[in-house]
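The following pair of complexes shares a single chain, chain A, combined with chain B in the former and chain C in the latter.
Entry: the complex of A and B
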């Protein structure tokens, strides 16, 4: 089980580096798909049932949709992939960073602790993650309203900032 | 700008600061700061010329970096401490990290480099909002954090006063001068923050009045460089009379209100035996005073060459009215005449 977690975490790292190394959104979207899939797997290995699906939803339905919109609005004739020199420099820097972190932390984080979502180790109806979301809506209802207001404001701000018939990357937008 | 959108943005600006001021949990404080950052971006990029867009982009990146650092340190502290209370932070590393993030938001040295460029790129009214309203929320959060490493605040405070003084000396653009003036004043506020929060609040309040009066005056004169200030006597003779007093209040000269915060800060520092800090701060205030004097010279104390039709603008266009004109008398009165009322003004804050 811990070997599967290690493989999935390695895939998470590869996908994250692929997104963060700043290629064109066409290619970064693929990195996001990979991260969402393996991230969902990691959370399942730690015992979650609802939270992995939320993770999938946010990555694929949120972030990747944003990347798709960016790709549509900023059309490039020669998009940068991971073979491009500047993108490769970023990849090298991030891999170096992960390597340093691995060297520094190896031995300090040992063991497989499945206690985040799966404390009792048996099959339950009311899992930790679902009860957490229910509590967030119950006790923290007003903060969710504030968060929603903030997101609505973000929508207005973005629409106002990119408004303009001839100022965007594609003329008719 | 679409009036509905303008109302939404201005309301969200107020909402963001109100959220931060009324929060005890770091998540809600961060939410308020982010709402404030987002709401001002379209106001900054309103004119859509490249300098305004660049200023909005720089402002967003700086504030987002500071907010991300703040969130990171707050959650790390919550993990180690068990609760996310603003007023009971105990871990020294994350307290320092949060302090640095808030100081980046305020634009203090050595994290000040974004400030002159951002305030230069936006209009005078938006520069007013960025200089005054956006300082309130991070400042209130700074007030509530106990046990900040004292040398951090002292060194950054003194550096800000010095850099605010030296940086403004070579400027001819008025918005950049006011940005450096903002850096210097916030340096004074930071210097006294660890010793007396009431004095820091009073200093911020007087700074907000003085800066508001200055920005509104510049907007009325439609002046953005020092050369444009020289025709103020043709447009509004009353402003020509009052503007040097306003600028000297910014410089901290008695008997104007700007003297009170500096006076009490120096007194508090001396009583606590921080003589080098008080000396450096007092001498660095002279640097700022020199460029305020330069502005007063251009406005009132000298008469630049001019042709006859332009000398009589005040006969045709008087009074110049901008949307914020009605706030100018109040701001000017508070900038000039508050020193004798200082005891009662301080009782509102202590």
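Entry: the complex of A and C
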């Protein structure tokens, strides 16, 4: 199981390097999809049940879909992938940097690092992180109200930003 | 530092460097910002899971909600840029240049 965690961590690194090297947004969104999927797997390996689900559904299924639609705004005839020379230089620099950082900082680590910390030995339905989120709905109701008001405010902000004519955020259109 | 902590710290630094050394598109800079948010979600979720502090599990949910606000504002800016400048290339945003 610790080897699976190792493979998933490597997948996280590969996806992050793929996004950070700034290819065309089509490919960067692909890297972010990979990072979300692998991150969901990492959270499952460490005992979560609800938080990985939220990650997959809300992040990947909600926000990434928005980014995928908006990638049409950055359409170009020859998008830069990771095989392009300028992007490859960034990839090489980041891989070198990450490799050096890991070698220096993780040169010697002791102890059982990949162990899955799970406080009970059996399969449970109601796991810890689900109870934490339930606590947010129970005693943390006001923060949910605040979050909802913030989201409503963001809706109006977005509507004002893309409104054209004379009083919106776009003056020339 | 354990490898999992090293991983999400490195993810954060990689997203930050990708946002700093942005190249052509505004949208790919926004995707690096999403990588930052993703690494913070992983970090806070692993905090809740590994240290068995159950109540911290609400922090990743709220982080996701507010990061959705930020992502939608960024995308609205990309739409506005594409409306006025025709594309989201960063070199077109040069009104303040002398």
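In this section, the second predicted complex is superposed on the first by the 141 of 173 C-alpha atoms of A that agree within 3 Å, B and C clash if a C-alpha of one lies under 4 Å from a C-alpha of the other, contacts with A are read in each partner's own complex, and residues count from 1 in each chain.
Note that a residue touches a chain if its C-beta (ideal position, glycine included) is under 8 Å from a C-beta of that chain, and two chains touch if they have at least 3 such contacts.
All values reported here derive from a predicted model rather than from experimental measurement.
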Which partner, chain B or chain C, touches more chain A residues: C
Chain B versus chain C as contact partner of A:100, first or second or both or neither: neither
Touched partner set for A:65, first chain B, second chain C, both or neither: neither
First, second, both or neither for A:32, with chain B first and chain C second: second
First, second, both or neither for A:13, with chain B first and chain C second: second
Which superposed partner A:23 touches (first chain B, second chain C, both, neither): second
Chain B versus chain C as contact partner of A:92, first or second or both or neither: neither
Partner chain in contact with A:161 - chain B first, chain C second, else both or neither: both
First, second, both or neither for A:54, with chain B first and chain C second: second
Residues of chain A at both interfaces, chain B in one complex, chain C in the other: 143, 147, 150, 153-154, 157, 161, 164
Complex contact set, residues of chain A against chain C: 5-6, 9, 12-13, 16-17, 19-25, 28-29, 31-32, 35-36, 39, 42-43, 46-48, 50-51, 54-55, 58-59, 62-63, 66-67, 70-71, 73-74, 76, 80, 86, 90, 94, 98, 101-102, 105-106, 109, 113-114, 117, 119, 128-133, 135-136, 140, 143, 147, 150-151, 153-154, 157-158, 161-162, 164, 169-170, 172-173
In the complex with chain A, residue positions of chain B that touch it: 1-2, 5, 8-9, 12, 15, 19, 27-28, 31, 34-35, 38-39, 41-42, 45, 48, 56
Chain C residues within the chain A interface of the complex: 1-4, 6-8, 10-11, 14-15, 17-18, 21-32, 34-35, 38-39, 41-42, 45-46, 48-50, 52, 54-58, 60-62, 64-69, 71-73, 75-80, 82-84, 87-88
Touching residues (chain side chain A, partner chain B) in the complex: 143, 146-147, 149-150, 153-154, 156-157, 160-161, 164, 167
